[in-house]
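What follows is a set of notes on a single structure, which appears directly below.
For clarity, chains are labelled A, B, C and D in written order, and residue numbers in each chain start from 1.
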Amino acid sequence: PDAEFFAGIPNICLKKDAAVDNSLVYKHYDAKKVVMGKTMEEWLRFSVCFWHTFRGTGADPFGFPTLFRPWDDGSDSMANAKRRLRAAFEFFTKLGDVAPEGATLAESNKNLDEITDLALELQKKTGVKLLWATCNLFANSRYMNGAGSNPNADILAYAAAQVKKGLEVAKKLGAENFVFWGGREGYHTILNTNVLTELTNMASFFKMAAAYKKKIGFTGPLLIEPKPKEPSKHQYDYDAMTVIGFLKHFGLENDYKLNIEPNHTTLAGHSYEHDIVMSSAFGMLGSIDSNTGSPDLGWDTDQFPMDVKNATMVMKTVLEQNGIQPGGLNFDCKVRRESTDLKDMFISHIGAMDTFARGLEIAAKILTDGVIPRQVKERYSSYDTGVGQKINKVQTSFEELEEYIMKKGEPEVASGRQEHYESMLNSYM
Amino acid sequence: PDAEFFAGIPNICLKKDAAVDNSLVYKHYDAKKVVMGKTMEEWLRFSVCFWHTFRGTGADPFGFPTLFRPWDDGSDSMANAKRRLRAAFEFFTKLGDVAPEGATLAESNKNLDEITDLALELQKKTGVKLLWATCNLFANSRYMNGAGSNPNADILAYAAAQVKKGLEVAKKLGAENFVFWGGREGYHTILNTNVLTELTNMASFFKMAAAYKKKIGFTGPLLIEPKPKEPSKHQYDYDAMTVIGFLKHFGLENDYKLNIEPNHTTLAGHSYEHDIVMSSAFGMLGSIDSNTGSPDLGWDTDQFPMDVKNATMVMKTVLEQNGIQPGGLNFDCKVRRESTDLKDMFISHIGAMDTFARGLEIAAKILTDGVIPRQVKERYSSYDTGVGQKINKVQTSFEELEEYIMKKGEPEVASGRQEHYESMLNSYM
Amino acid sequence: PDAEFFAGIPNICLKKDAAVDNSLVYKHYDAKKVVMGKTMEEWLRFSVCFWHTFRGTGADPFGFPTLFRPWDDGSDSMANAKRRLRAAFEFFTKLGDVAPEGATLAESNKNLDEITDLALELQKKTGVKLLWATCNLFANSRYMNGAGSNPNADILAYAAAQVKKGLEVAKKLGAENFVFWGGREGYHTILNTNVLTELTNMASFFKMAAAYKKKIGFTGPLLIEPKPKEPSKHQYDYDAMTVIGFLKHFGLENDYKLNIEPNHTTLAGHSYEHDIVMSSAFGMLGSIDSNTGSPDLGWDTDQFPMDVKNATMVMKTVLEQNGIQPGGLNFDCKVRRESTDLKDMFISHIGAMDTFARGLEIAAKILTDGVIPRQVKERYSSYDTGVGQKINKVQTSFEELEEYIMKKGEPEVASGRQEHYESMLNSYM
Amino acid sequence: PDAEFFAGIPNICLKKDAAVDNSLVYKHYDAKKVVMGKTMEEWLRFSVCFWHTFRGTGADPFGFPTLFRPWDDGSDSMANAKRRLRAAFEFFTKLGDVAPEGATLAESNKNLDEITDLALELQKKTGVKLLWATCNLFANSRYMNGAGSNPNADILAYAAAQVKKGLEVAKKLGAENFVFWGGREGYHTILNTNVLTELTNMASFFKMAAAYKKKIGFTGPLLIEPKPKEPSKHQYDYDAMTVIGFLKHFGLENDYKLNIEPNHTTLAGHSYEHDIVMSSAFGMLGSIDSNTGSPDLGWDTDQFPMDVKNATMVMKTVLEQNGIQPGGLNFDCKVRRESTDLKDMFISHIGAMDTFARGLEIAAKILTDGVIPRQVKERYSSYDTGVGQKINKVQTSFEELEEYIMKKGEPEVASGRQEHYESMLNSYM
């Protein structure tokens, strides 16, 4: 049970001046380094996706598995599940400060108890904590037409029983959050669908989940993760604003926050950081799945984030809202199915963690420098006093504003200076 | 002043058996024909876009004007404006039952009074009514960074004065609705933008508009028209659910409804009828701009809708919510810039009206036949009684549902039968 | 061995006036009906995709199988493979005039011989012919980085051996074509890729295939099927013109034609019929995979084609090039994973066949009527004589044209009349 | 005539340690600095787009002009044209080493002679050279249905006369290249289009252009610039491979090369650097328009390139093919219409030049370091000897390869190591 699964790979350490082709060290991520009053690990709160990293096989719609792990015999046995879990904890420990994100690991309640007992034991032994728990309400064929929005009430009831157990497990393992992803909550054709009925039932489902969470004393936030499409043609949690509209319509906005994955944001037609910014502006940003996609592809590639500029924009928002705890930065990523070496598992996480460490440092520099924030603040300064302040506080009227502008005349127009801002950002990179 | 602008073109009439290349008659639209208890014109409430049809020049970002109209000398003179208006009313009259949609036609208040006097006179004379009025808060350079969301309070004040006048004109002309389209309400780069400030100010702007509307006794609905992008990189009114979320967040949901343009819906990544269906489900569908785009292009082509299947899906929703009055079906369309003949203006509207007339008849057949609706109803029947009904009415809990499903066991899974529904729809076409 | 696998389902027959919800009869497809001098079955040459229809499980990247077929025990045994084949031939026979498209059914040569013996026997017994054969050079993990373009020469050699056998099987079974689909021929990141080396090797691969085909006397055309992306980020056979450019660069244009799937065409950013039209214009259209996608989704949904207008545009091109034999119309489609009933397999094919039968009849009406073709011909008539004819035949020069236009003056500009053409098309629908 | 148009702005100089908000100095671009044996200016060969930068008004399809330049009175007078030209040369001189790209500046031949006389004089005086000339064959209404592919032979003749003059001007001004962009060469609807006729005529047009170029002794390359769509729905020069296929089909491949704009490449569904890499691999890369777009938008935003990683990928290809001369890096970019300050014109070009200077230095580091190139070379090493070499040189057969692989057995599969390559690239950034 204490065998080493990643034999040739040491604990990953910081080595700033490592050679270019040494991709098995951190060149930027320094867990204990203090940035704007907190350590890197406090700001970044990295988490590894158990599902993708330890259950991913490399299969895709056109291809068979390519990833064969020495500890995994491909079976559904408890022994295999436990071996996989031990490998995972070795992986977490070697990477350093990462918390797993955990899909519940088995389907039957009995097995679930046994495997979560082991998880709990490993957590205690290693000090690794669970960022969030979730339930898989999309893979089983019974959910092919949705869980909370299923046309069949029995299937919704089944999902309810499953989430009930999931919340209990979350409490048992001390999960800091509980996430819902509704990949099958949506429709394939409007022809066979009653949208209002489906949304109403799904809202009931969420209300019952919030009630049960309170009942058992699970204190972590409940999070909904938007995604526009895939696997469904249209998903009810299309993007941040769609979820916010849904929550507010059904009176759920105090019980739920959002888990934003920028890879889903770009699939919804927005720029990488858009839903991070929007949900933060509405006070609804709870946690982040930090994977990326290819902007020229129309599906979820779940790649490791390697773009420092994107990471900077995300971390700038996180810094501005003073952190994301109890949420975190989960790598809901998959190694490419062509990245078949065991060490690719490490290289990919290290590369992404370094990317976000650089993003954090650059964002902190931007904010402490204050040049960009000051120029933005100045841009809106007309709303700080006078008529602008009245507008902002809804203390004026069309009549008063007409009178004001009649006197004032044609307003001055100011350059938006986009290229100047882009150049300033580049100066920090 | 009574000269005929469209000399060779007679009043358009119904001729079901006209030759294929006779595109100057209605082959389907029969204004007075009764369908499901109302006439076609009552269901369809067609409207012509004054702006595109009478001010469009065919210019595009890469090309100069191609459309030269005999009544338009290209000047900004009042005489030209009036001639244009008379041409428009001849056009409305020859087409038959269409109401114009009107952007306010001039910028200075003085000219606006004079031109709306003429419009009023022509309306009375012809019996043509105004479907909706709007203000252009995007073309002038002062609005390049938004109107209600502008970083400069003076520009918001200017827009307020303009909408104030616009609402007065709407009342004067008996407009049945007032529409806001926020093409510049959004951002180009998040780097220079404070999203929350902009949204808060824009909400104030909408609150003041609603207050002024009530004050002057304008009774038509206020409508917001979603569009995801273009001209801005990101627009705050991305799609139906985004607008609904915004309205509910700022407490505006009782004062505003939505004007849906499926061409914008497809740009937001949804299928043609999606936002029609969504806004109707949320009780927020106020009116429709029925133009279409090319799904392989990423900008707003504003083509005339010529797809009968799309029209059927839209009209099915309109029938299901028992009509869209006081809203209507506005053709916010442009003839292609290569469609340079005067008669192309008629051909395009006639083709689109026939398309929607066919859509209406097919949708009515689907609903009166009842086969598809019954099969959909049956699909959700488990929510009509027992545990399903309790879920739908939020009268149960996770504990009760767990107990229920433990007894019941694995739920039965039913085929979604998408291809069967698609075949049935084809049977009606 | 002669058991009935589709017990409740009779041979599908024509019943024009069947009820709307009877989706198990042809309402339009009438195999022996003569249209423009050939029977429907001669024009349409329908084919069923063995792979999708008899091996599809409904699994997707987010979900487990949903389609459980009574004849399939999920094993890899020969008995199971044979039962599946018998079920398939019952399906082909009940549908009527369809030819299977066959991926080679097993991997080891021994099994392949045995299973193709059975296939041959069933073909003879039922009269069913094989439209085309292919090799699966993408599913096995060895092909994860390509087959003909693999960085490892041994893998290319392996693929060569596999195609060699595939061509032999094609000859044995009397396949009318042999198709290459290069889902892994492409790249995921340019960083690790030498494009020129990969293309050069892939061209060698195709040259050797053409040589071996001639050697063994297989006479069917070799076809390449373009697809822009998925599973690879970028595929070398992006679209029709990309393949044509590749073939011409490497001198392969006389040995290969194209198998066009409009679902791939739309993924490449073109309209549904575009690559059909382009490859036909270049004399390279060999066969058609007639499935469709959802224009708002960015991956290959392989839906059954149910849009009569799209089918009309495709069949118009097929009629104009006087048929597609020895190619055909293959339904490379999957029932939705939610379409779990056995009869959904029939309903989907019937619906698609009726759609193309309608498309054929409408296209034939358009061509025999001659209104649209005449108007198009007239549009280009200036190239039939005089200076236009000289241009078309490259018998003039810039100097001569300058002189001509100096005399002639500003050319007349004619309306493109897009809406008129769209209306005419609607008149035929 | 010698007045200073950009009064407050000095010649732009290098200042590596300038403050973040000083966006009016080069922080990276150092014209005379030697990189891999050539100076930065020799590698980069920057060029400014005269059309966008000196004729752009900020108008867009939804908005009026926003950019008002002090030297431009908006008229079509020669005096205005000359003032604009003088302002441009002041701009070129202040930026430093940039060559203009010039659309021919007027329509009538007489004016063209006069304005090109002045251009020639200013070129001599300042030492500024012309990177390329072109003709505008898309803006005038006569070209609304194409120039070389127009259905009307007279319009093709008109375009021929215009290009004839354009080539003469190119020779007169010593342009180093001549570029064709076919924005209207394509179709809006296939219904009114004969694709083969249009392509055949367009090929004739290009043949005549090549002939006339030789006749007058203009020695610069003729270049075609691919773009997939916009303004047309579909353009015949969709992307690099489409153009290459067209050129090879009509025997034009020796007379034309490609001018690649990555903004168009991304609109065609490829990654930023894709068409640069492809056209270079085929020996057809002639010049580069280096602007960028927003991946979440579906039209050509012509933004200034500010992404160092993209610039690195482009410059790596340029270095690998040992430069792009006589081509160059043209900024075919527009300041945002909200960037209304005169100095935004400078800031945008400076920011983009610095971006490419950084890209050049990083690419040079990657190549001289040799780590990445060596690892890629190693990846393909099996084609350097033995059976791989035979494949690469087309000296083997399917029979030989089958025999080889039978002996060898299942090939070894190697990790593609995408994340490792991405991490290495990040190490260089």
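A few remarks follow.
Basically, a contact is a pair of C-beta atoms (placed from the backbone, for glycine too) under 8 Å apart; a residue touches a chain by one contact, two chains touch by 3 or more.
This one's a predicted model, so the numbers in the text were calculated from it and none came from an experiment.
Which listed pair repeats A-C comes down to matching contact pairs by residue number; over half match for B-D among A-D, B-D or C-D.
The chain pair with more C-beta contacts between its two chains, of B-C and A-B, is A-B. Computed from the mean C-alpha positions, the centre of subunit B lies at a distance of 38 Å from the centre of subunit C.
Note: centroid distance subunit A to subunit B, computed from Cα atoms, is 36 Å. Contacts with at least two other chains are made by residues 66, 141, 144-145, 188, 229, 233-234, 269-271, 294, 296, 336, 338, 340, 372, 375, 413-414, 416-418, 422, 424-425 of subunit B. Those residues of subunit A that touch subunit D in the shared complex are 19-21, 23, 27, 66, 266, 269-271, 294-296, 304, 306-309, 335-336, 338-341, 344, 347-348, 350-351, 354-355, 369, 371-372, 375, 413-420, 422-429. Chain contact summary for the complex, subunit D toward subunit C: residues 141-142, 144-145, 151-158, 160-161, 163-164, 188-197, 199-201, 203-205, 207-209, 211-212, 228-229, 233-234, 238-239, 241-242, 244-246, 248-249, 267-271, 273-274, 277-278, 281-282, 313, 372, 375-376, 379-380, 382-383, 386-388, 391-394, 396-399, 401-402, 404-406, 408, 410-414, 416-418, 421-422, 425.
Within the complex, the subunit D residues that touch subunit B are 58, 60-66, 138-141, 143-145, 183-184, 188, 229-231, 233-234, 267, 294, 296-301, 336-338, 340.
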